[in-house]
Structure formats: structure tokens, C-alpha cells
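Only one structure is covered here, and it is reproduced in the block below.
When the chains are written out, they are named A, B, C, D, E and F in that same order, and each has its own residue count from 1.
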Amino acid sequence: MELELTLIGYEVIRDAEGELPVLLPFSEMGGVLAVHTAAHHLQAEMGGRGILLGNVPGVAPPTVLILGAGTAGTTAARQAVATGAHVIVVDSELTKLRELNREVAGHVVTDLSRLVRLERYVAIADVVIGAVLVPGSRCPTLITEEMVKTMKPGSVIIDLSIDQGGCMETSRPTTLDNPTFVVHNVIHFCVPNMTANIPRTASRALANASLPYIQALADQGLDQALRDDPGLAAGVYLYRGKMINARLGETLRVAVSSLDELLSKGE
Amino acid sequence: MELELTLIGYEVIRDAEGELPVLLPFSEMGGVLAVHTAAHHLQAEMGGRGILLGNVPGVAPPTVLILGAGTAGTTAARQAVATGAHVIVVDSELTKLRELNREVAGHVVTDLSRLVRLERYVAIADVVIGAVLVPGSRCPTLITEEMVKTMKPGSVIIDLSIDQGGCMETSRPTTLDNPTFVVHNVIHFCVPNMTANIPRTASRALANASLPYIQALADQGLDQALRDDPGLAAGVYLYRGKMINARLGETLRVAVSSLDELLSKGE
Amino acid sequence: MELELTLIGYEVIRDAEGELPVLLPFSEMGGVLAVHTAAHHLQAEMGGRGILLGNVPGVAPPTVLILGAGTAGTTAARQAVATGAHVIVVDSELTKLRELNREVAGHVVTDLSRLVRLERYVAIADVVIGAVLVPGSRCPTLITEEMVKTMKPGSVIIDLSIDQGGCMETSRPTTLDNPTFVVHNVIHFCVPNMTANIPRTASRALANASLPYIQALADQGLDQALRDDPGLAAGVYLYRGKMINARLGETLRVAVSSLDELLSKGE
Amino acid sequence: MELELTLIGYEVIRDAEGELPVLLPFSEMGGVLAVHTAAHHLQAEMGGRGILLGNVPGVAPPTVLILGAGTAGTTAARQAVATGAHVIVVDSELTKLRELNREVAGHVVTDLSRLVRLERYVAIADVVIGAVLVPGSRCPTLITEEMVKTMKPGSVIIDLSIDQGGCMETSRPTTLDNPTFVVHNVIHFCVPNMTANIPRTASRALANASLPYIQALADQGLDQALRDDPGLAAGVYLYRGKMINARLGETLRVAVSSLDELLSKGE
Amino acid sequence: MELELTLIGYEVIRDAEGELPVLLPFSEMGGVLAVHTAAHHLQAEMGGRGILLGNVPGVAPPTVLILGAGTAGTTAARQAVATGAHVIVVDSELTKLRELNREVAGHVVTDLSRLVRLERYVAIADVVIGAVLVPGSRCPTLITEEMVKTMKPGSVIIDLSIDQGGCMETSRPTTLDNPTFVVHNVIHFCVPNMTANIPRTASRALANASLPYIQALADQGLDQALRDDPGLAAGVYLYRGKMINARLGETLRVAVSSLDELLSKGE
Amino acid sequence: MELELTLIGYEVIRDAEGELPVLLPFSEMGGVLAVHTAAHHLQAEMGGRGILLGNVPGVAPPTVLILGAGTAGTTAARQAVATGAHVIVVDSELTKLRELNREVAGHVVTDLSRLVRLERYVAIADVVIGAVLVPGSRCPTLITEEMVKTMKPGSVIIDLSIDQGGCMETSRPTTLDNPTFVVHNVIHFCVPNMTANIPRTASRALANASLPYIQALADQGLDQALRDDPGLAAGVYLYRGKMINARLGETLRVAVSSLDELLSKGE
């Protein structure tokens, strides 16, 4: 603020549909990584059940339970279905399940997450992937510790929701150095930013997603770019040293200004 | 025999691979019909469980257990997978399961039929399709009455193996007029020749399969055609009034002649 | 009204896109059931043409004509394509045909329903599925009696539009007890609510679709839920004994109140 | 012969299954080229019907009739199905039709070529591709001039069988310079060696297919290579100046020697 | 204007999403035609590289670079992927690339068109298809002459954007009579209206797309139809002899009237 | 030998086609594991390039080079294609490449391994999977150290052929404890028996594959089972204390007996 900087946060820029376009690729990459990571930790050397995330003829395939049918959950589901696993996806929105179901031609079990079946699904799952992302708020705890107790020893939980508090009662943030811990014999992988492990792909994806905004800033100048694109304006934390973001202002107990007013003055 | 007829049975003609080419299309049609028939009898009006053989978003799809991965079982599996059902196929031959698994890209659970898992599969199945065909002998009883007792009320059993005695302990032949009966609350459909219900398709398929043999007989005459094609010769019951088929001869207590000898005399 | 009840009709609740979210699953289930039902009635025992709804090698597959590319028609088309049938879908909206065509990778013939080709299609169809649903009004008669006369004996018509008067001139409502009748040698299946035959699947699907509304009513109370969701409000027939639905009010000759006004008073 | 050369013909070398491995890639390339060529000649500028070989939403796709389900026919069918065309394949062998049908998941009409339906198919076809290859003999005439008369003006015939006399009564060999002629308003493309038009791909494919033989000759010497591989030996026309190939010997009225005898002398 | 005509241009009518519904089918047909045309001109007889647009086992497939992931580019990509080619699609909008990628299950390389990788892609491409369509303005030049110089001799450029000036520096309009020219050994096909070559398909597609508008005009009369559908109104050039279209008015230096005002007077 | 034991080696039993049926599932599992393992080691934390084995929209996917199109290579290819990677498969047999190509609908580059292109492919590969298995002999070195030097830093080599000496010049056996080493900045994963990491799946797969042999031995007794199945007999190392296997006898300098003679004496 003293430097009179303008700060725009990638993670709060919104597009015309109100989605977070710069975060979207990270959900896509996270969904694929979750399946790769589950495949790795199911192996015996890692303490897992010692099973293959695949469909070997004559051997019943493992069951992957995915919580959430948003971008991360859908991407994970597609990847898991491609391995030949038995895939179950739950979400609270029927529309998302319908889209996923159609996309994978029905090769998936879809269910609403609010119903009691969740307990049954957890008990038969070899892998549970938490992909419940509620923008701007702590995500709900869907899997209780009691449910985790019913899982088979060596099963794997990947909690992609850990940035927002996690959607399992037993999950807590870990680091890439030491990514897993074990609760009730179930391996928990809860690294908040998994994509740090694929920096080359992630940085290109980030560049792709942020390029239109950088280009708009370069072409039109800061003020005009913010006036033209309310989604970009929604990403402003600080504007020329003034606090704009209400939540951050409240947290830091700093007076909050209206970006609209500041911009209209500048005209 | 008195009429000095030559009788050739379609159902015992063999092709170069030792398969039964004229019967093959009937297995294909039977496999598809089995799934159509199961879909029909699962409906409430028919006394079934009142469930859809399909994958409605948000509703766990029904489970179809198929016994046998030969032509009928594989065709049924492909059709059942296409409805979005959860499909389990068991067979005693790993090679057949491997082929099926590859063909449907792993969207099926395959297992060897000899293992104890059969009991578990029957208990969760909404539909069981028996497609165990052992050429020339009674088919083994894979599903015991005890297993049938564990099935959910209104489940459906289709026994395509009924011509050869059936592969369920509870199955017995029925007719198209009165095609089903109920044992332990499970609907049994055990019509020996289901394809009689689709005579137009079946007769064309039969014509297709038998045409090469009819053409050979017409072009080359009976004797030469039999000499040229040992598979056709394998289909001979009676040759100019002489009993050729050993099994039939034994059953009827009639002396059996050697077709080879009779044919070589004719040269 | 005397009991001062509030009545909300599932069948008129609308979602953000103006669609009928509680009816949608019934269209999905109806589309699949239509294909299962056609497969059944094409069989000789049922009086049908005696053909298999499938693609037997060497036998030209049957032709399925589907009127309407909405949810029911699209679901039926996907299921029919999966059987290997030759599938023709007509609709008056090109956009819907485009989506369907892309989804099934062009394995379908699509055409506008207004053109003269409809006559040609009916004449070659083994199955005609009527899936024309115009929300809130009688559906148009697309297939005339003259066209039905041109169909092959034993062909099957499934009229899913029968709830709204049917889209064939020859169709009239039937019941699950006695679901079919024959006109010009063509079997007509015109049961208004086919999904009554799969109550277990249907009730779960209904629960899924209605759950968000029930939850909103429980969490926020009636008035707030109606204020928050105009789509739910659109479903109100009676509000605390006052007639709200204009059409019903007109039919019953009862004065109609404005829900908005009643709700704003309550604030 | 004077030079005491040994001549081996690529086109008669056989593999363990009795197929012609060096010719196989040419059938594959020919099948794809046939579809590309048909798409080109259907265009108005080329005198064709002025239709797209594709599936435009709302427009009934063109019909492609393929005669023969061998390598060329199957490859053409796969490519034509991929364009969204309505594809009909006829062959005299049911087994080949079964394999194709399974491979394209039933998205094709298959029929036996001997039946009367051929006339009907020709009359509705926009494209007819002749891919009947009977190794070592003139191919049968499947399409008569009378049938060609029934085709729509501007339709296209591609006769891949022209090397062996063609399978249409109206076809006669043309050249790449002047590849087509018109009979009864139907465009005929009958270039014997279409793959001369894609020399880069063809020469690489030929190198791939012939490499094992060249390598065997280089590693083991001529005599040992011929002794080891009866399929290679089957390709010998001349051996050290002696005529080996019976048919060629007969045609040229030259005495024919036994390769086996000559080789065993050399041991 | 003297005749007091009303002129509505198909090419500027807009639908509810702001797209051009009557032009859309032409983009679809153009995308497919581009692939067919590339396949043809890659052949040696046409002066091309002499390669097959297909995937022959053992031979690396050709590379097709598509500029633009709109309707034309997406349709071309789908068709090119179906041939087994190695397909690269670039666009400036990530959302379009995401949709395409999902639709073809990742069997395509997608990249943003602004990055330096374009040079690399052009250098390895056997076919470049320009499908950059910016409604209402000249399309940007993406491929410079320098890039074209790096292409392999006999490669093919199809510029579908030629109507709007083309997206290659080297492209200039050609005609169906003489559709190609060669620059730096690269074949350029730049016919502005390729679909003139498939008049039968195109006229039916045009009829399909324009039918709703014609029907609205017939049913409701000109004025009411224009009032009801702002998208149709957007297509008006002249209304009862008054110039409405601003751009055309400016070009012809004619006074422009407001359609809204003229229509409201008529009420 | 002193104990007069009979020893049968799973790894040398042959089936009717001369394949090794008990080893086959291990190749299948190895192929899938290779892709999972590559995905893991490409991550930055493991020292890899920091890229995702997947197809993120707008980011060019990684390239996976697979040496060998046998069971392991084909399974790996299928799994790699499913991730959306750019997959290249080389083999010395065209027939295997043809089968793979058809199975994945051309979404793979196939090439003969003998050609110079191998160098080019290695230089662009992010992952190289060695799956060259020549039964009963040391596998050839396909990738030289010079080629490895051309690979990008952080690339990954998985050598499934390591049991037979490996197909890379730089590979040497490692253990599950310490599975990788780095040469020329390329990560090498060369664990001889990767499936030891998935013991639960592997033991079930082994049981499936060996069950028919155990059952034959149990049902028919040792001698009869060996007489009935020459493939089982081919697996005999020791028979009642007599050395049968020629290679092992030679290695151990022990006299070798003929199993056939010993068995015929027992009759």
C-alpha cells in the first residue's frame, strides 16, 4: 500500500460465466494427477494395498470413488475410467452428474452425495478422491472418520480439496517432501498444491490462462482494462495503494475503497 | 433309412476351426435377445424388480452377471455394456475374458467362473444370463439353488444354456407361450429356442450361414461336396439310408457305417 | 383451498434455463424404455414383425425413426444406435440435431421434421418412436393415418407424447395392463406413464431431482424458498389457499392471486 | 534367363497364413484412397452429384456401397464410416462381415453379396467401391450394366479390382492422367495402381513390408533363405535362369523346373 | 431502394447466442471439404508430396495444422483425426481448445495461436488449414511468407478464411475452375466458396437453416416477424426502400434509418 | 534331484499357440505399471522434467516412445494413448503394428524399429518404455548411450526388458527399494519384477493363469497331464529327479533325459 501498488490476484479473476478461468487448468491438472498419484500409492512399496489401478482380465478392477463432479472431479473420473477401474462419482448437483454420465457413455456410477449411499461406497473403495470445491468458502466434510475406519487397509485417499480445509474429517495438509500420512491404515495424500510437482506443464497452462489478461493490460492500460472487463476488476486486491478487496480489508482491518469510484475519477 | 435318404444336420456341421458355423448366428442373436428380454422382465408389470436396464444419472445402474464368454455371452456383454449397466462376465477360460476385456475397453468386470466369487456376484446381480455352451455335452450347473435364494426379489434369470440342460440348478425348459416361472422370487426365463421369436431375422441369418453348404452341394454334387469339406461331412447323420452318426446310431441301436469308406467306394 | 394448503407441482417447476428439472429424468427413462419396449414388441409372440432390434452380421438391421431430438428422443437415439439399428431422427430445430449428430459421431441420419421426407422415413421404419414434447401445449400430429398405412405389417409405434395428445393420428392412450392395440397392422404402444413400470428406478430419480427443492423448503422455510428461486415459485398452484396458477384458475373459474404480492406482504 | 538371374516377385510372396504380405499395405492404402477419391469426384466441378461425403446435421448422409470385406474393403469401410456416411458392405464370406461389424460396433450394414439385395443397394448408392480381390484369378462381375443404369446421375464408382479385370461390367482400366470416364451418367474411376499417386507413403510401406525378405536374403544368402521360408520360395519366378513359376512358364511356353530339387542339389 | 424493397441478408442474421445460424452449416461443410481437398492435393498427380492422408501401419502419419477452433476448424479437426493424421489445432481462445480436446478425447495437440510455437508447427505440417473467422472484420495474418518458406515441398495450404482476406500472407482468392497456385513449392487452395462444389448438400443445408426465418415471415408477416426476432432484424439491409444497415449505408453514402423507429410507426 | 522331485517352471509352460500363458498377465500388468511409473517419475519432486503425463488443453502433450508391440508394449500403448499423450510404437514386425494401429483407431504413430528414425524418436521422447521381449534369449540393445545423451534432462526411461538384459545400453537392474538411477540426466527405472509392487493383483492373476494346469495335475495325475498337454510338458525342468530341461542340464553339466521316453515307460 505504501508503494501505491496495484495487486490483481489470479485466483479471483472471473470470466463471463462467473467461473475462475485462471484456476480452471489447475483443477484439470489436479484431476489427472490425483489418478496418477493414487496408482502410485496403491503399490506395496508405498505401503498401499498392492493392487494395480487397471483392469487385468480375470481380476475384478479396483473401485475409485470421486467426490465432486466439477472440473477436477470430472477430469479425474475420465482418467480413472480410462484405466478400466470401477468408478463412482457423487455430487450434490444432478446436472453435473448428467453431463459426466453422457460424456463417458454411462461407464460410471453417478450418485447424489447427500444420500446414505456414501457410506457404502466408501467401504468398497480402494481409492477416494476428494474434489469438492466450493468457491470462496470452506468445503464441507463429506467423509467422516467413522467412514475411513471402514476402508480396506492400504487404501488411498487423495484430498484435492485440502486447500479449502479438505472434505475428509481425517485429512490435514502435507507437503511435497512428505506428502502422505496414515490414519486407520488408510494412506492420505493431502498436498495443497499438487501441480507444483509439474511446474513445466503448470507454468505453460498458467501462461495460457493469464495471457488474455496480461495482453489486455498491455494493450489498453490498467484503468481501461479494468473498466472493460468486470471479471478482471473482480481480481483486484489493491488499486494504486488503496485496499479494494472487502474480505482482505476486513481481515487486515484496513479501510476499503470502491474500485468503480476510483476508476470513474480517473476518466 | 428306408427311403435311402441322406440327412445332414445344420447343428453339427463344423468349419475349419472346428466351430459350428450354422449355430453361431443363433448364439449372436440369443445374446442380444437375452438383454432385451431381461430389460422387459425387470419391469414391474412383469413381476420384476421395477428397475430400468440403463444408466440414469444419479441412480446406480443395475448389475448384469453373464456366465460364459463364448459368442452368446460376449454378444450379451457388449449389448449390456451399451445400456450402461454394471456388467460382470465369468468364464473358465482366461483367453476369452482377455478378448472381451480388450474389446469393450475394460468397461466390464471379468472373472474366472471356478472361484468362490461367483456366490458374491450372484448376490448382487439384478440379471443373470446363463450362456455356458459346451458343444456336445450337458452344460455344468454353475448357479445352485442356494445362490438363487440370495438374489433380490424380482431379479431375472435368462438361461440360454437350457437346450443343454441349463446352467442353473433352478432352471427348466419353458415355451414362448408361457416363457417364465418364479423360484425363490426370481423370474426364470428358460425358452430353449428364443430366436423362434424373431423368425424373420433368424431365417435370414440361417440362410446366410447355410448358403455356402447348399451352394457346394448344388455345384459339386453330394459326394464330391462331402469329400471336399470334412466339416460338412461331420454333419452327416444318414448317407443314402446308412447311419453315419455314431452317437445317434448308438442311441437308436442301429449299425453305424463309415462315411469315408462309402464315399471312396463311390469314386 | 379451504385447508389453506400450499400446492407445488413438480411438473411445472423450472430451472435457471427454463427447463423442467423434475420431469427431465422421466424423459431420460422414457427414451430408454421406448427402445426396450420396441425390441420386445417386434418379436413374433407379441405379434410383431419377428425381427431382432440389433445388427446381426449379414442381415440388414432394422430402421428406427425417432420424432423429436429433445431429452427423450436423444436418449432413445443413443440407445437405438447402441443396438446397431439404422436410426433416423427428425426435429424442427437444427441446433438439437447438430448436438445429437456430434454426440453419436454421425452414426445417425438427422432431418428436419417439416419436410416431405417424413413420409419416406415412415414407410421404411420398423419402429417409430414419438418423442415430441412441447411444454404446456398439445403436441402436433406428425404422423398421419395415411402414413401409418404405408408401414410394414408388424411394425411398432411407441408414442411417448401420448400424455400431450400423441404425435400420431392413430394413437390413443392405453394402460400398462393392456398397453398395445393394432391399427393398419401396426402395433401401437401408447402408455402415458411408462415409467410406472420401473417404480424403483423412477422413484429414486424423482427423489434426486426433487431433493434440492425439498431441502430448500426445509432449510429456508416456504416463503424464503419461493422468494429465492423463481423456478420453484413457478411451480406453485396454491399458496396458503389462494389460487396462483393462472391456467388452473381459469379452468376452475377461481380468482387468481399474484404470488409476488402475497410473498412481499409476508416480509 | 540368359543372364541366369533369379527373379522373385513381391506380389506372389506368401506369409505363414498364405496371405500376400507385400501386397497387403497396398490394399490398405487403396481402401483409404478410394474414399478420398470418391469424396473428390462427388463434387460438382468434377461432374459429380455435388454432394458432400459427410454427415451434415439435418441432411441425410450419402450412401457408400462397398463390395468385398477383405483388407481393401474393410479399410474403405472404416474410413467411410468415419465420415458419417451410410455404409453398406457386401461379401460372400460371413466371417469377414462378422469381424468388420464387430470392429465398427455395428455402424454398418453388412450383407452377403450373392443375394438379390445387391440390386437394391446399387440403386440407392451415391458411391460404389469395388474391392473384390480373388488372389490369382479374374474377379467376378458383381455389378452389371443394368444395375449401373439404375444409379443416380453423378454417382461415383471406384473399381479397386480393376487390376484383376474389375468387378463392374462397365469398368475398364484408366490412367492417373485421365482417371475417369462416364457411363450411364455414372463417373467411373478405374486406375489400376492408385497408390502411384502417393509414392512417398507407398514406397515406405513397400520398404516396411519387403524388409524382412531382403534382410533374410542378405543374412542367409539366397539358397538358405529360400529353403527356410516356403513363402519366399513361392515368390520365385526364375532361379539362376531356370523358370520356376508354372503359370508364367506355361504362358511363355518354357520348361518349368522344380525349385525344391534345384535347392536340394545345392546343399 | 427505388423499388421500395426489403432486403434481408442471410449472412448477417443472428441467433439468440449472437452467432450466424445460416452461415454455420457452411462452416461445417467447409471444414469437412478442407480435409477432403487436402487429401486430394497431397497426391503426386496434383503436384503434392505424394503422401496419403491416413495412418498406414509402420509409416508415420502426416501432420495437419489447423488454425482456429471455431465451427470450421473443429469440424476439420474431427475429420482429420478420423483419418489417423497427427492433428494440431491452434486458437487464441483456451475455452474453444478445451471443448475440442474433450470431444476428441485428447487425440489432438491444442495450442494458443499467439505463441512462438506456430513457427515450429508450420515447419512440420504437411497440411495447413486456415479456419480463422472473425465475424465482420478482416482476419489476421497468422502465417507469414517466411513460415511458408519453411514448409516441405508439395505441402498443401487450404485457406478457408479467404473470404475475409485469408489468414496466410501468401494466399489470394482463386476459383473452382482454377483452384490452386504454388508459392515456395507449397500448393495453395483458396477458393472463397468451396461449398459451391457441393450444391446439392449445400442447398439442402441452407434450406434447413433458413426455413425458420422464412416460416416466421410467412406466418407473421414482415413487420411482426422483425419485431419478434431481433436476430432476424439484424439481417435487414433495406426496409421498404430505406437503408438500414449502417456499414452498407456508409459505404454507399446513403442516409441510414432506424429499423426500430420504422417498425414502431407501423404498429 | 536327490529328492526325486518333479519341477515344472511356470515361465516356460507354453500354450497351443506357443505363447507363455502364465507370463502373459505379467506383461499386461507391466505395461500398465510402466505408464503409471513414468507419470510418477516425470514429476519434479522425483527429479523428472516436471510435466504431466496428460493432455492439458493449450499445452502440447508429452511424447511416449514404446519399443516393442508385444503384450507389454501394446498394453502400455493403450494406457498411454488413454492419457492423451503423443504415442510412438516401434517393432520389427509389421503385423503387430497393424493390430495395434487398428485397435487404437490410428491414434498412435507406428514404425519399424530397424530404421534410422529411432534416433529421431528418442530425441523428442519424454518417456521411453522398453518392452522388447524375445522369449529365451537376451534382448537386443535398441537404444545406445549416444541416443540417451540426446534426450531432454529429466526424461524417463522404463526398461521392462531388464530381466533379459535390457534394451537400452545404459540400463542395469535396480530394486524396488532403490528403483532408479540417472545417466546423462535421464531417469532410469529398471526394476526386474515391477509386479512385486502389486502383489495382490499379481497373485490373483497368477492364480488365474496357472489354475488350469494345477487342475489338470490334480484331476489326471502328473503323468497323464504331461502326456495330454505338450505345453505343460515343455515346462518340466526335473521329472522324478531326472533332468529334462536341455539348457539347464547343459548349464549345470548334468545328463539330460527324454521326458517322452520316461512317460511312455510309465504307461
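Observations on the structure shown:
By our rule, a contact is a pair of C-beta atoms (placed from the backbone, for glycine too) under 8 Å apart; a residue touches a chain by one contact, two chains touch by 3 or more.
All values derive from a computational prediction rather than experimental measurement.
Taken together, chain B and chain F share the touching chains A, D.
In this assembly, A is the chain whose CA centroid lies farthest from the centroid of chain D.
The chain pair with the larger count of C-beta pairs in contact, out of A-F and A-E, is A-F. Mean C-alpha position of chain B lies 54 Å from that of chain E.
The distance from the centre of chain C to the centre of chain E, with each centre set as the mean of the Cα atoms, comes to 37 Å. Multi-chain contact residues of chain F, defined as those touching 2 or more other chains: 25, 54, 57-59, 83, 94, 102, 112, 208.
Every pair of chains that touch is listed here: A-B, A-C, A-E, A-F, B-C, B-D, B-F, C-D, C-E, D-E, D-F, E-F. Contact residues on chain C toward chain B in their complex (touch as defined above): 25, 28-29, 32-33, 36-37, 39-40, 42-45, 49-54, 56-59, 79, 82-83, 176-177, 196-202, 204-205, 208-209. Residues 94, 102, 112, 114 of chain C are the ones that touch chain E when the two sit in their complex. Every residue of chain D that touches chain F in the complex is listed here, in rising order: 21, 25, 103, 208-209, 211, 215. On chain A, the positions that touch chain B within their shared complex are 54-55, 57-61, 81, 83-84, 86, 94, 97-98, 100-102, 105-107, 109-112, 117.
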